[in-house]
Each structure stands twice: as C-alpha cells, then as structure tokens.
C-alpha cells in the first residue's frame, strides 16, 4: 500500500520544505566562530535580517527553537510576579501562557473560541480597567498555527495606546514571519518572537527576538533571572557579527541564504504568493463542502488552513490514510481540536503546482477515507490559481 | 510574472528528478579508482545491475551519454558496410540510424508514422526476404521518447526467429529501463542500450550495454574500429569491479544507490507505478478532449505521454506559458513533430501528488495559453489515482 | 599572500571538522516532528546516546548551544540562593560561575591557576567543612577548553563521598565527550553537560544533559524557574522518540550518524586516537622548546594543547600569520590568557596526517612570525606517530 | 590497525580532491538540457573555459573520460591508415598509441626511457625526414602522469615548424591543465586533450578538445568514422550553450564553479602554487636520500612526483602500508614501472598543510615499511614551504 517513490509532501504548517539552495548552504564545514570569515557572515546576516521583521532595531538570534524565543521575550522584559495579558487564540497561545506561569509570571487569559484572532477591543477594555498598570505586557500570537486565524496586531497596538497603557506588546510570529505581512516598527511591537522553520525556510534550530527601544529599556530593570537568553550580553558582540557563546553556525549559513532568497523574490511577492495559495485552498475547502475552522473572513491565515472534519471527528484516521497512500504529512488538531480538524500548511518555499499536488492529495484522501464531501475541490483551486496567473497578463494588456 | 518559489517541476521525459538520496550519495569526494574501496563499489554495482536489465551476462558501463551506448552497441558487433535493419519509430530511431550511417554501416529503415511502435511483422517479412543474410542486426527503440510509443520487443524476437535469421537484436531502452517492464534474456535481446538519466534516476553521464553471449561472440570478429567503447578491454577488469580507464566515480556512487532504491521498491511495483501514472495521464488528456499521439492502445508508453496540439501547432508557445507561469518543463515535439505536440514525462522518482501537480500545471497552462480544451482533466486523473489507491484495500477486504 | 586553495584547517578546540558523512546526513529535507519517521529517528538516537556518556539513565537533548546545557543543569536541580561549589579551572569554569550568578545562585569559587585541573582534595575539604550542607552542588569542568587541563572527576566523586556530603556533582564535558574517556554512571556524576560541536563531530546547535536518578529526584523540588530547559516535560515524549517542542531535526539527523560513527570506530579506539595525537603534539611542543600551559603531567588534555608564547605575548599576531599564510585557525588565549597562549585543537574527526599538517603549520607559523623556537617539532611528532603506528604490528609479531 | 577517522588523503595524481564548493554545486537537481536555464549555464561555461586552455577557438566538452577525448582528437582529424608520430614518454603515451592502433592509424613511436619528456629535436629530425608528409599528426603527452616528466610543447611546435612540416600537433594535458602553465594558442597546438578530474578539481566524467582553426579544417576531410565524438555536430548547438545529445549536466554545474574558482585564485597563482608544492616534494625526496624518477631538471612535473624505490622494488607493499596505517592513497608504478616507483599527487585543490600531511605520511610509511631512507624529508619540505611563504613579505618589505 505504502510506497515512497518521489518526494514527500511536508504540508504541516511548519517545519516547511527546506529548499535545496538552503540545504546546500548548510552542508559546509563549520568555521571558527571567532574568526574573520564568521565575522563577515554575521555582519551580512545582521545587516539583512531586520528587513524581514520590518524592524530597524536589534534582532537577537538564538540557537534554539521558537519556544526558546518565547521564553527570551518574557525573561528579558519582565519581573517575577508580573501580570501579562494574553489572548487565547488557540493551542500555542495556551502553551505560551503555561510557559509564562512556569517562569513565575501571572498571565491573565482573555478567553477565545479558537476560531478567531485576538480581539483588540477586549484587550483595550481590559487595559483601560487596569488603572494601576499592573499589566506589564500584552502577548499576542500573530498567526495561531493551531487554528489558522490571524490576529490584528496594529489594532491591538492602537487599543493599547487608546487605553494610554504602558504595557509592552509582545507578538509571536513563528508561523507568519516571511509568509504574512508583518511590520514590527510600524505596528509598534516591542518584542517580535520568530523561528527559523516556517517562512524563513530553514530547519528548526534558530529563533529570534526583534526588539524595540522600549523593550531594551525594560530589559535593564527586568527582574527575571536569565543568562542564555540575556539580550545585554548579545548587543556588543552582535555589533561585529559575533555572538556571546557558540552559535549554530551551519544554520546561520542557511539563514544568510534564506534572507537572500526572500530579498530576491521580494517580500511583497512572497506575501502575495501566500495569500494566493491560501485563497485557492479555501476555494477547495468550500467546493468540498467542508468548513474552514477560522470563522472570521478577515482573519484567515495565509500560511495554513485548518479544516473541520464533518461529524467532528476522524481527522487523525484521515491524515493516516493520506500519509500511507500519498506520502503527505498534514497537521493534526491539537488538544481541544484533536481529531476534529486537519491543517494544511501552504507556507515557505512553495508554488502553485505543489499546492495542486497537496490539495489533490487531500481530495483523494477524503475519498479513500470515506469522508463525506463533494468532489471538485482541487479543480476549484486550479481554477483560482489559473485565474490568478492570468491576472498580471490581463493587467499588463490593459495598461 | 515568473517567480521561482518552490521546486521546479522537471516533467520532460528525462533527465528525471534525481532523488535527494542519490544526489547525496554522489556528493562525496572521489576515491582512488584503483583502490580497495573502489573495488568494493564496483563489485556491488556489477552484482546488482543485471537484475534491472533481466540479464545474467555482462553489463558494460560507460562514462558517456546514452548516445555513446548506441555507438558502443554498433561498433562492438558490426563491420564497415554491414546492413542493419532499423524501424522508424520516431526522432530517436532516426538519430540512431544517422549515427549508424556516420559509422559506415548501411542502415535500412522501415518507415513508420511516429504514432506506433515497431511492426514486428514487417521486420519479419524483411528478414525472410534476406536470404543472403546481409542484414547483420535489427535495431529497435523499445520506448520511443519522441512519441511515447512502445515497441513489442518479444514479438520482434519471435519474428527474427520465425524468419530463421541470424541477425542480432539491438534494443534501445534509454527511456524505458527501470520504468517499463523489460527482459533482456527472456526476450532474446543481444545488446540492450540504456542511460542513467531516466528510470535509473541519475543525472546523465553513464550509459550501458547489456550483452548476450551471441553479441560477445560477434564482437570478436566485428570489424568497426573501436577503443573507448571496446567490450574486450572491459571484461577482465570488470570482473574485479574495476574499469580499463578512469570511470565516472561519483555517478557510480549514485548508481549504487539507485540500484538499491529500485530493489527496495521492487521492480514490479516500479512498473505498476509507472503504468498507473500513465493511465491517469491519458485519462486527463481524454477529459481535456485532446488526443494522445500514440495511436495504438497496446503501445502506450508508461514513462511519457505525448499530446497533440489542437490545430496542429502552438505547442512551444504553450510550453513557454507553462514554464513561465508554473515553473514546469515539458518536453517539446522534435523534428517532424516540432510545435505539434508536447510531451509529459512521468517517469523516474515520481509519485501521485507530483503527477497531480504536473497535470494541474498542464491544465492551467492550456487555460492561460488559450488552447481549446475542456476543463476537468486533472480531476479525471485524480479520480483514476484515487480509485487505484483504493484497489489494494478493496482487494484485501475481499480476500 | 593569502590563498585559499585546499581545505581550511579548523584546529580550534571546537567546533571541529564535521565529517562529510554527517554533513550529508544533515543535508536532507526536514520531516514532520510528530510523524512515524521522526519517531523512528528519535528512538534510534535515544537508544544509542547513553553509551557515549556511559549513562544508563535519561539523556536530554536541547536545540541549544552548550551554554544552554550549563543553564539546564542548574535550573533543573537547584533553587534560588542555593550555594554551589565551583572550581576555577579556567575561562569556561569562570563563565559557568557567572551564569550561575545570573540565575540567582550563590557560587563559591575555589581558586585555581588555570594550569591544573580541579583539586579533588580541596573540594573534599570544603565540603567537609560544610556541616550544614548548604552547598547543593559541585560543578566541575572535565576538560577545560581554555587551558587543556583535565579534572579528575572520579576523584572528585570520591572526595564528595568521603565528606559524606549530599551535594550533586555536575560536570561539563563539552570538549571531552567522545574524545576523552568519560563515565557518567561509574564516576557517580549527577548531571553531565555536553555539546554537539566537539567530539560528537556535529555543527554547534545541540546540547545535552545526562542525568542520574538523584538529579531527577532533585528536579522535583528545585525552585529555579524553568520552561525551555525543564526535564519534566521531556521525559514522557522522549520515551517515544519525540520532544515537547520542535527539535532541531536536521542536527538530529547528524547526531544519529555521529553515534553510528563512534560505534563503528569504537569508543576505546576513539580515546586512544585522541591520546596519541595529544602525546604527539606535546612531543612537538617540547621539541620546539616551548611550554605546554598545563603544568600537571597527569592532567594533559587529549583534545587540545595550549602552548605558552615565549616572552608571554604575541600569540594573536602569531595566530594571524598562521591563518593568513596557511589557512589554519588556532584557538586564542581567553581573558587572563589573552595573547599569552595559543591552543591547538586535535579532537573530533581527525587523523595522523591532518595532525602532521596542523603541527607543520604551527612550526611554519613560528618561523614566519619570528617566534623564538627550535626547529624539529613536526619531526618529533612524526617520529611519535610512526612509532605508535608500528606498535600494533610489533605487538602482533610478539604474540 | 587501520582506522578511518578523519579525511582520506587522496594523493594519487588524479582524480584529485574535489572541493566542497564543487561537490555542492553538483548536488542539485538535473535541469532540462533544452531549456533557458541550461542555455545560461552552457553560455557561462563556454564563455570561460577557453581561458584555462589559453585558447580563443572552440573547446568541445564530452560526457566521457579523458580516454574519450584522446579518441576524439584522433577521429576528428585523421583518416584510416594515417601515420602519426608519438613519443614514448611513459605509460599513458603508450596507451594513446595503442588506442591509435585500434582506430586504424599507424602510430610511429619514438622510444623514450620513461624518465624524460618528449625530445623536440628527435621529433624535428623525424619530421624533416618525412619528405612525403606521410605523418599527419604529432602526439605528445604534456605531463606524463605515469612518470612525472613534462614535455616541452612550445619546443615541439618550433621543431615542427622548423621542419616545415604540416603535421597537426595533438597534446594530452590531462594531468597538467589547470596545474601547469599551458598555452594552446601561443604554443600552436592543434588539439588539446584534457579531462575534468585533475587540475579542474572535478570528479571524472567530462573531457575536452580545444581545437585550432587548422584542426577544424582538417576535420572536414578526416576519414575516420565518428559520431559521438564528432566536432561538426557540436559547433552549432555549442554556440547557444547547448549540446547535440544529453550532456552530463551535474558535472557541468561543477565545471561552472571550478572555472570560477580558478579565476578567483588566478591561473598564475595556481601554477605558482603547484610549482611550490612540487619543489617542496622534491626537497623531501632528496632529504630522504631517494631518487625522483624524472631525470631532467627542466622536466619535473608540478602536479606529481614519481619516486624510485631503493632496490628497485617494493613500492606496492609500501603503498599498502601507507593506505592501511595512514589512510592515504598514493599512485602506483604502471606496467614497466610496476612496483618500482610510487607517485605522489600534489595537484588540484591542495595547500601547504595538506602537502605536509602527505609528505609526513610518506615518511612514516617509509619507516613502517622498512624502506631504506634518511629521516627529515618532511622537515625539508616544511623549510622549503616556510621560506616560500616568507618571500612575498620580504619582497613587499624590499619595495
């Protein structure tokens, strides 16, 4: 039944398909992390990386998973017992909250239904009520990887400002950076948390904190203990392309290349491509007669689409059919959503034809697994993509 | 208009997509081709390679393209001025004929319409008429890469035998070996010509002669000058895993791995997979309302499908649209068929989802290029593949 | 003057030369870290890794530098304000102490002269005096990378036991694991800290905690805040080959291969090889008339040799000459030893001829930089290695 | 006894150590050899390759070993029964002669003692005596890989011209191109034969014919049968970066990179580096009290050094000791020289420290194998290299 000819389709919402060019860049001998070649590498990277975040200030790079960058954002800016306001967008927001608790913070969770992004108004109201300014930070997941809903970061900032509240704004962009439009400086974010293994097209193992002046200032008095994650020891060596301890050199080779690739394609085009693929995927879901988990038209993620199983269960059996017969990995439903949804990742180094292979695999899997649906979803996506491809030509012709 | 995110779809009928495992196997330092490690490599390869050909006798490996193995087959077995009977199955049969002429042979061509395989009866008749046995060899292309028609090699052998004719049977399997069922010994082939870059999943640069006892015997008196291609100097060193001159070591690393991969999947499953993909592709072509070039149901190739353009032209413009918009390379029509057909390669390391990406790209390209067709070809292929995937389960359930 | 033909000599004491086989293993697409293939990978690794530590209990693997594993060892076992006894073996022991301070511990430092390993007797005396058992852990660097001195871990354990003291024993083996004989269980170590980029022959980016039952028990009540480094959340998923957050998958591919390579060579042979190279290096230093930094014959490191500059300065200028003319990176003197020593790394995937290239480069550099020395060091090493190579033959002949 | 830690030393005189950068360049998916990306690749290569030959005219690239390019040079320019004058410089000159015989030519061999290059005067005398101009070509091996002697190509050309003889000059540069100064146009060579696996730093599998106008003209009437090797069918497609049959695409990726690397280092520096390494090697041989095979000071090869065994035998046992104990491959003596010499390759991507590792391995091997010699050869080479490294500085200081 199972055969493995051809290339595996890794359509979980990250880690994503690492392009050959990045894998080859990483496939070089490690170099002296105190020598001149490393310095040149580091300076190239620090010179380019801010652009992806839309950040003019420092971006700290950790040899760590994204989870580490969550921790870094908190321990550098907060003190034991600090209140932080978090929004329950889904599984990962919940994990971040637990992490905050383990670190000795007092997170306060605004409940959500896992089908919407964060509610800026609710955040604003809560802050307005916090006259004592006990809340030190607002934490929001930009693109909730467990649900495929995007939170309106600019609106959250405006809500904070409207409440005249000094809380820092910390944002997780692990599954949006380099895939969905994001603007650290323009949106007034204080710490942006990111990881290597999604839109940056790298294997997991690097994570990031982009940091505002205000966050840097906060870090000077923040009382949580920290060493590995400490920004203060990084600032100085980073200026010369170096790191305070041994960096993950080979992943940095890959990052150097990934930043070039994003620059070559152009961030605007990268975002447009993700938007197009997400729209085509939703067209397929609709044609199948299935429901997208995200219940807010304005909040659909461009990096993944979570699909609800008819009858509310059986997603894992369905995913197994797809893996066994078509060698494609889809994302599972997590905790509350376990077995109730499957997630299609369409982010990173990805194109129209691979999306068509992906959606065809989903449709064939629905058939084989006996999931109630209408045929024609792949065809709907095909029509969407063909129309999108025709547009530039039509635009050009009209000009 | 063009963007290059994601993986290129190389859907020409060879070279094919080289799997990562083979590329990595080749990405090792070259070793001493006279040393013990090389000997072990050579012995492994010579111990495995015959199985792919269905040949118990010697298989010679050249650091050369398939064209070189055509030349090798002729110069080792024939003498200047020898008549050889060839069948005009298409562009590559015609090239082989020209090559024979350049080498000083007298090829005689049985005309074909480029829409069928070789006609065994016609070959039998011609041989029967050759009472003087002036014809020294019959040359047939097993899978004509320019048309997607397969020739019935076993029938050709029977026709030769029925005519009681001593001619050697030389067969080009460049685009069929490792993709379409082939049996050198069982079908009584004297020299099988093959290349690395198709079903063997390697880059181009190696080619092969599998050789019968009769062919070896013929080589002792064959009068054509030869040195690089000479079998006699290879036999002895090959016995110990070595070569008479510097071999293409890194491609041999890849060959070693490729033979393992074919063994792991199982040749029968490899052939069934190619058959399935070819049938799904024809289902798509039919649904589009287009015509497959191969006009004989029994001769459809499982490694590629050539599709006729409605109106008989515009294939190259269509292929350019597909390349520019969807980053997919399709095969062109060659010489007589230039601009009149396009060819879809579905061979080598390939799977259902990549085929769906491929056929979706063709359908989107037909739309964009304004080629008259009906929508739904990709959907027809999807239905075909889903049904095929369901079969083993149904078979298992029935037992 | 500088040219870059040929391979760079990376002779710092880590990161080390990553073998091609490991680089190629890492050069594969990332896979689903929740899928069956990953599970198989994880189970393979967890099944093998303990052997390298000499540990039957759990080994935790972090996507992090070695510095992170230092932090992990402390935060999982200790509480704010805990006293820990550390020994000043050199730069890295000092960094570990600073890290402990940043985390809110109270490290107590037994002073050292940076030319010896830890003094087990001194540790025993201090513990004997600690009647209140305020000291919760003893932290020792096994192989001090900044000096090339090895600490006697088994003796430290005996000293702790002799003092009847309940303190945990935490040992840093970052530059010794897989290079110098080490036995977590046998020597009674509670937490062994290690990194990927030295004897394990990987790029940096993974680090390790091997953990005793006693340490695990301590972690249940340890009061330091932790999340990323928390052992408790790892235990359960690790049992099935999984991780609580996204692991550094591609580095794990490399680790899987590295463990195979160590097994194939055999740990005993790996240690013997490092011992031989270190002895040959010291023979060279002696022949040059220079002085090895490590002042204790019994404490010489087998993974690196630190050499004192005649006149006490100029090491950095000398290293620059070597880098510019011979494309070799040597280790610098750190903090107290800055410019006063250079360090020759001879660990990891390394052999006799590469060592000869290394020592020849040092000797040529001494000449070019005008450093006072006698010629003949490389020759002395050559004689040493040739004699060592002859031994097995002589032994075999004598039997 | 044998262990395999560290990197193998491949010190045969080719194939040479393929640099990582070239291996990685080759480790990419094969592309459509008729598409625009291939065209760009081909045009880049054809635009650069002439410079390495010192040739303004066409350079033909074969998917073949160097042996194939020997054959190509002959079959494109000569007719059956043509006399060619060859010089017995050693094993490879002898092989080329045999190849010529197999092709139906009448080679005439000027005897040599395998310790000198070709004798231009002897060639001139023979041509002067050939009043009928029956000799159609003079074939000389520039760098005889079996002996380490270089032939004076410019002098051979002058001798031909002095004899007013119209013979073509065909030169084998398989082990000199990209290592030893060579000038196709300036020296009046008609066909230069080369291979990929030596100075070009690639794996074997590509070979070359650089061709003069006169040779191209000769090819129009040359009567030897040819197809695979035929220049005429290459000229036209090569103009656009294409080939008449499937090229060895992945090796061409490597060639593209190799040509960049030679350009970056600069050919003059490449030659100087090879000269320096050869001189250092001869210094070692002299210090050992051994004899270099090449008996002409002016003819020493810069790409390899052949060393005579004291007593005239035992070279193979010695080489086995070196391989078993030090994981280094040295070149064997061939045919007449079997077991009487060993050859040290010092060409390709190679540097001072790797040479020191190589020569140290030879010296240790001599010791272990009980070969009579004096110690100190490696030291002599070290002194030579250190002095050479000091020179530019001294020159700069003097200016």
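Here the chain labels run A, B, C and D in written order, and each chain numbers its own residues starting at 1.
Just so we're on the same page, contacts are C-beta pairs under 8 Å (C-beta built on N, C-alpha and C of every residue); 3 or more make two chains touch, one makes a residue touch a chain.
The shown structure was predicted, so the numbers you read here are calculated from the model rather than taken from an experiment.
Chemist: Mind checking subunit A against subunit D and telling me if their interface is mostly the same residue numbers on each side, over half, or mostly different?
Modeler: Same, since most residue numbers here occur in both copies.
Chemist: Would you mind telling me which chain pair, A-C or B-C, is linked by more contacting C-beta pairs?
Modeler: When B-C is set beside A-C, the one with more contacts is A-C.
Chemist: Averaging over Cα atoms per chain, report the distance between subunit A and subunit C in Å.
Modeler: The computed centroid separation for subunit A versus subunit C comes out at 35 Å.
Chemist: Hey, how far is the Cα centre of subunit B from the one of subunit C, in Å?
Modeler: 54
Chemist: Specify, in ascending order, the residues of subunit D that touch 2 or more different other chains.
Modeler: In subunit D, residues 7, 17, 20, 24, 27-29 touch at least two other chains, as defined above.
Chemist: Which residues of subunit D touch subunit B in the complex?
Modeler: Where subunit D meets subunit B, its residues are 7-8, 10, 12, 14-18, 23-24, 26-36, 62-68, 71, 80, 98-99, 102-104, 195, 197, 203-205, 224-228, 230, 245-251, 323, 329, 332.
Chemist: Could you list, by residue number, the parts of subunit D that touch subunit C in their complex?
Modeler: 1, 3-7, 9, 17, 19-20, 27, 265, 269-270, 273, 325-328, 349-358, 360-361, 363-364, 367-368, 375-376, 378-379, 382-383, 385-386, 389-390, 392-393
Chemist: Would you pull the subunit B residues touching subunit C in the complex into a rising list?
Modeler: Contact set of subunit B toward subunit C: 20, 24, 27-29.
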